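For reference, the structures are reproduced in the following blocks.
Shared between the two complexes below is subunit A, which pairs with subunit B and subunit C, respectively.
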Partner chain A sequence: MENTIMKQATKKRLLGNTFKYLLLGILAFIVIFPFALGIWTSFLPSMDIAKGTLWGGGQLTLHNYVTAFTQTKILRYLLNSLVIATLVTLAHLFFCSLGAYAFVFLDFKYRDFFFYVVLGTMMLPFEAEVIPNFATVKMLGLLNHYSVMVIPFLTSAFGIFMLRQTFKQIPRDLKEAADVDGLSHWQFYWKVVMPYSKISLCTLAAYSFLGAWNQYLWPMLTTFSDHLRPVQDGLRQLQSEETFNDWGMVQASAAIVVVPTLIVLYIGQHYFKSGLNEGSVK
Partner chain B sequence: MIESLPSTKQQPKGPEANQEITAKVKSFELKKNDKYYAWLFLGPSILLLTVFVFFPMLRTLYLSLFLTDTFGNPTVFVGLKNYAILLKSTSYIASLKATGTYVISVSIFTIIFGLLLAALANQKLRGIGFFRNIFTATMGVSVSVSAVFWLFMFNPSIGILNKVVTAFGFHPIAWLTTPGWAMTAVIATTVWMHLGFTFLLFFGALQAVPKSLYDAASVSGASSRYQFWHITLPMISPTMFFVAVITLISGFKSFGLIDLMTGGGPTNATNLLVYRVYKDAFMNGNYAQASTEAIFLTIIIAIITFVQFKLLAKRVNY
Partner chain C sequence: MGIELKGITKTYDHSDKPVLSEVNAEVQDGELFVIVGPSGCGKSTLLRMVAGIIPISDGILKINGQVMNNVPPKDRNLSMVFQSYALYPFLSVADNVAFGLKARKMAAAEITQRVDDALKMVNLTQYRDRKPRELSGGQRQRVALARAIASDSKICLMDEPLSNLDAQLRVRMRSEIRELQRKLGLTLIYVTHDQTEAMTMADHVMVLHDQHVQQIDSPLGIYNHPANHFVAQFFGTPQINLLTATTSGQTATTKLIVDEFLQVELDAPIATGTYTVGIRPNQLGLKPVNGNEGNATVINVEALGDQTIIEAVMDNDVEIRIVKDGQVHIDLDQRVAVTALGPAFVFDENEALIAEQGGVKDDRIVAVN
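Up next is the complex of A and B:
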């Protein structure tokens, strides 16, 4: 009697599990499909793609990658984005942490006012401000120059806000002890606050890097030379110029672009999660 | 009278007292310096935010009250006329509707699919880690890469979607050149792009629900459906709200995907508010109207962000 009930229960669980795996499989397929198809076509001969023969055609080939690396500036685009994103990330770590430090450990007039100013900028979308910003950088003579893709993004209100939350959790005793030891603000910032906030800093770095890496509108507006183009706009260029005759090469370029991001993602995953927890629920 | 009494308790003892006093003196001396440090530490950020965020906002507001020449310089003051024109323009109203359709659909579908993926991945099953990794994967896919992948699938002649459609005996669909389908295509691609991030958020939220709640419910014989509606959903509702807000905001800012996939077409069907600003300013040279549109966009985003802050403030004290 008991035995049959247990058998029924296992049977039911087995059925349930099969159903769950089926559902998981279908969803995983849907999520991964656009991605997998892109990677797959990047290995197909152009002739097959043009004819629409996605499988069972000719042999797989690395030709598209060779074309992408030799005929296009994809490596240059990648390098540009890497440089820009790295500079923006370092600048965020530096300026945002200093700003956050001021809000937490310094006593000055209008501190709350300035804090609301910073908070307020988080409400204003950069996308809606491109017209005057374009005029500004034009006036400063920065158009079509590396710096135009870095200077407007040297700091981030979100970064200041996030680090302020972290810095506030540093025990006040530490600051008092540092005062007793005669540590200057610089020393306290560098020797205590920064090491203490390592995880938050990594989180910010991950966000800043991805944000800068994904810049699209601004570089498109402010740079015209191929050798300055960051990777998103470079891909746009390739896509609009080449898709009619060479889909394979475009897919190969997309694959070349996506691989570094995936690597950053899997290394930085932990930090993204902790950043999310700080930003949302808590 | 009380003061004259020798209060042994309150008097700190010898060396400790000295230390405390020196500390206070020192910190007072440092406090005097705070002003300079504040300038030094906060100055760069405030300067940058002023030049690249506040000034442009005011300038945009200013430009929206004028007519402008082709270089974007104000010429004639017209007051609120630009706003009146915009609100009467059928094409702008159409853009507003298109944007509404886009952001709301994206938000709803992202939540449904993100939650579904997270709920499934939250099971104790063999090999579940593999699925979790797949579900986060789209987080690493940037706008232009997504656009390339999906443009290929939507391609009318060689795209996989039309192959499926024709295999079922239907006519091939001009995905990106038919108004309704173009919107659907853009929404689908956006939802796909958001999935990885949303999955991660929901997954984290689900993991944070205390197991004891489920145990108690199971003991009292509640079905798993009942548990989902009465335990899981209420517990993760803050995350759901957060996802709704960030997908709404990023939807309103969605520029790259529109530019890459449809260019605002066909016949302005996907000409979202943010894309209009760009088009009217940098392609049509109508800076006054573009500025007015930018103000509208800013107001919408500011309101949503403000609501988010308010609701965050209830949870986080800052």
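Up next is the complex of A and C:
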């Protein structure tokens, strides 16, 4: 008798947990299923895919991947995207952190006003900027060149916003301690602010890399040669250009293209450990 | 030489009321100078002005005879320990200590030497490779101290360095800081809101309140001769009793009367009028009486073992605190007669000290700690 209330509570918790995991399981299935299906079909012969016999029957084969690597320019596309995404990521880390530093640690007139102007640019959808940007790069003579896919994306309002929030978390005392130690702004930025904000910088890096990797519209408009094409446009190219629709191969290429993003996410989440900055103050 | 403050005033841009006005003080070489006051009195602001982190609005700051007003912090050649410790979370203990030295471009061999010495001095040698998050609060505090020790500057500023520690650790660190300061011959300016820290550590104490310096003196000087109400109430636990008293008769007299039982006999006559008399809790006598006699009723008794704190309410509704040595057995609601044993302070209507009764007696210090 004395356990009645406890037993009821245990039962309730069990029921609650079952329901929770059931719901999570369903959601996970909805999200993961298309990906799993894509990977699965990339191992099937194109004939099977065309016939619609996805399950059973056909043999799993790496043939699609071999074809993708040998018959298409996917390696070139990967290299292009890697170069572009790396440059954009590095530029974001550098320029956004500098901008955010100024908004947090420097005192200047209209500081908040300028920050809101920067924020305001986030209101403009990229599609609205395409035409003026295109005119600009055309005037600069950058069309059909790597730089056209890098230069317009050297900084990001979102990155500045995010890092500003992070830098604001840095205890005021650390800045004062650095002042007493005689650190210049540049030294403080490099030796304290950057290492202190490692987690956010990694997050921003992952975000920027993925953003650049998944660029589609802008490279399509500004590049015309196959050897400059990044992966997303490359995929589109494969799909439309291949003489017979080799769906297995296209699927395999898509899988290859996704792999680097998965690596970035994996490395990224490894750094998303919390508590890295614990122990600085108090 | 030391540090000299002349008419230091701080007014922030957005307000016209100063947060500190006309602070004058002289800190001697090698002394531990405590700035004490309630929160918001501007003590941290004053310290940051000495450090050079906050610009001085008005007045002159001299360090070793040189005017330092617009000199950047690093050229003032001082070290600072923050309330929050301000450790770099991504650096090991040793690197934290070495950080400031590297920033000052000291030779590598000397940095190693200094870091080793400093860590040894605070007993952290075995933790040198740990990150701050792997240390306890007390150990983090020591790292912050080691940073100040490793620096070659002879002036150290500390901003409430012990307020995040538990009570026991605080008592220990208090004496450790004091020892280090003596051993290294540091000129230490120490900011705290804790009067016990001020009493136990300081060579000289500056009491700040209401944007103004209330008093600068040695700890016992402040305890024995508080300049005004505020200082009298701020120092000593339990708090001093402040009672309204009047003179008797029409001429200057030595007798101040609170009521029939509680009267103070002064050394020198005082003009007729109404005054405030301050009497430390251990300078009040208390005797249980029958029925409705006496002048107060006991409302609370705190037995601490070696002493007993008795709170009583006087018939004029003023609460008083009395400290008795040893263990005193007395019932709640007991009527008592409260009398003055001797030493007392007399304050005028401006709350300033104008007269004292009784000389400095060692046993008054018992109330501290």
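Everything that follows uses one rule, which is that the second predicted complex is superposed on the first by the 219 of 282 C-alpha atoms of A that agree within 3 Å, B and C clash if a C-alpha of one lies under 4 Å from a C-alpha of the other, contacts with A are read in each partner's own complex, and residues count from 1 in each chain.
In the analysis below, a residue touches a chain if its C-beta (ideal position, glycine included) is under 8 Å from a C-beta of that chain, and two chains touch if they have at least 3 such contacts.
Because the structure is predicted, anything quoted here is derived from the model rather than measured.
Undergrad: Which partner, subunit B or subunit C, touches the larger number of subunit A residues?
TA: B
Undergrad: Of the two partner chains, subunit B (first) and subunit C (second), which one does A:232 touch, if any: first, second, both, or neither?
TA: first
Undergrad: In the overlaid three-chain picture, which partner chain does A:5 touch, first (subunit B) or second (subunit C), both, or neither?
TA: neither
Undergrad: Given the touch rule stated above, what does A:182 touch, subunit B (first), subunit C (second), both, or neither?
TA: both
Undergrad: Does the superposition put A:139 against subunit B (first), subunit C (second), both, or neither?
TA: In the superposition, A:139 contacts neither subunit B nor subunit C.
Undergrad: Just checking: does A:198 make contact with subunit B only, subunit C only, both, or neither of them? Give me first, second, both or neither.
TA: Only subunit C is touched by A:198; subunit B is not.
Undergrad: Once the shared chain is lined up, is A:17 touching subunit B (first), subunit C (second), both, or neither of them?
TA: first
Undergrad: Across the two complexes, what residues of subunit A are contacted by subunit B and by subunit C?
TA: In subunit A, positions 176, 179-180, 182, 276-277, 279-282 sit in both the subunit B and subunit C interfaces.
Undergrad: Subunit C touches which residues of subunit A in the complex?
TA: 171, 173-174, 176-183, 187, 191-192, 195-196, 198, 275-282
Undergrad: Subunit A touches which residues of subunit C in the complex?
TA: The touching residues are 48, 51-53, 72-75, 78-80, 82-91, 99-100, 103-104, 131-135, 137, 140, 164.
Undergrad: Mind listing the subunit A positions that touch subunit B in their complex?
TA: Touching subunit B from subunit A are residues 17, 20-21, 23-24, 27-28, 31-32, 34-35, 37-38, 41, 49-52, 54, 95-96, 98-99, 101-103, 106-109, 111, 114, 117-119, 121-136, 152, 154-155, 157, 160-161, 164-165, 168, 176, 179-180, 182, 184-185, 213-214, 216-217, 220-221, 231-233, 235-236, 239, 243, 247, 250-251, 253-254, 257-258, 261-262, 264-266, 269, 272-273, 276-277, 279-282.
Undergrad: Which residues of subunit B touch subunit A in the complex?
TA: 19, 22-23, 26-27, 30-31, 33-35, 37-38, 40-42, 44-46, 48-49, 51-57, 59-60, 63, 72, 116-117, 120-121, 123, 125, 128, 131, 134-153, 155, 157-158, 160, 163, 192, 195, 200-201, 204-205, 208, 238-239, 242, 249, 252-253, 255-256, 259-260, 274, 277-278, 281-282, 287, 290-291, 294-295, 297-298, 301-302, 305-306, 309, 312, 315-316, 318
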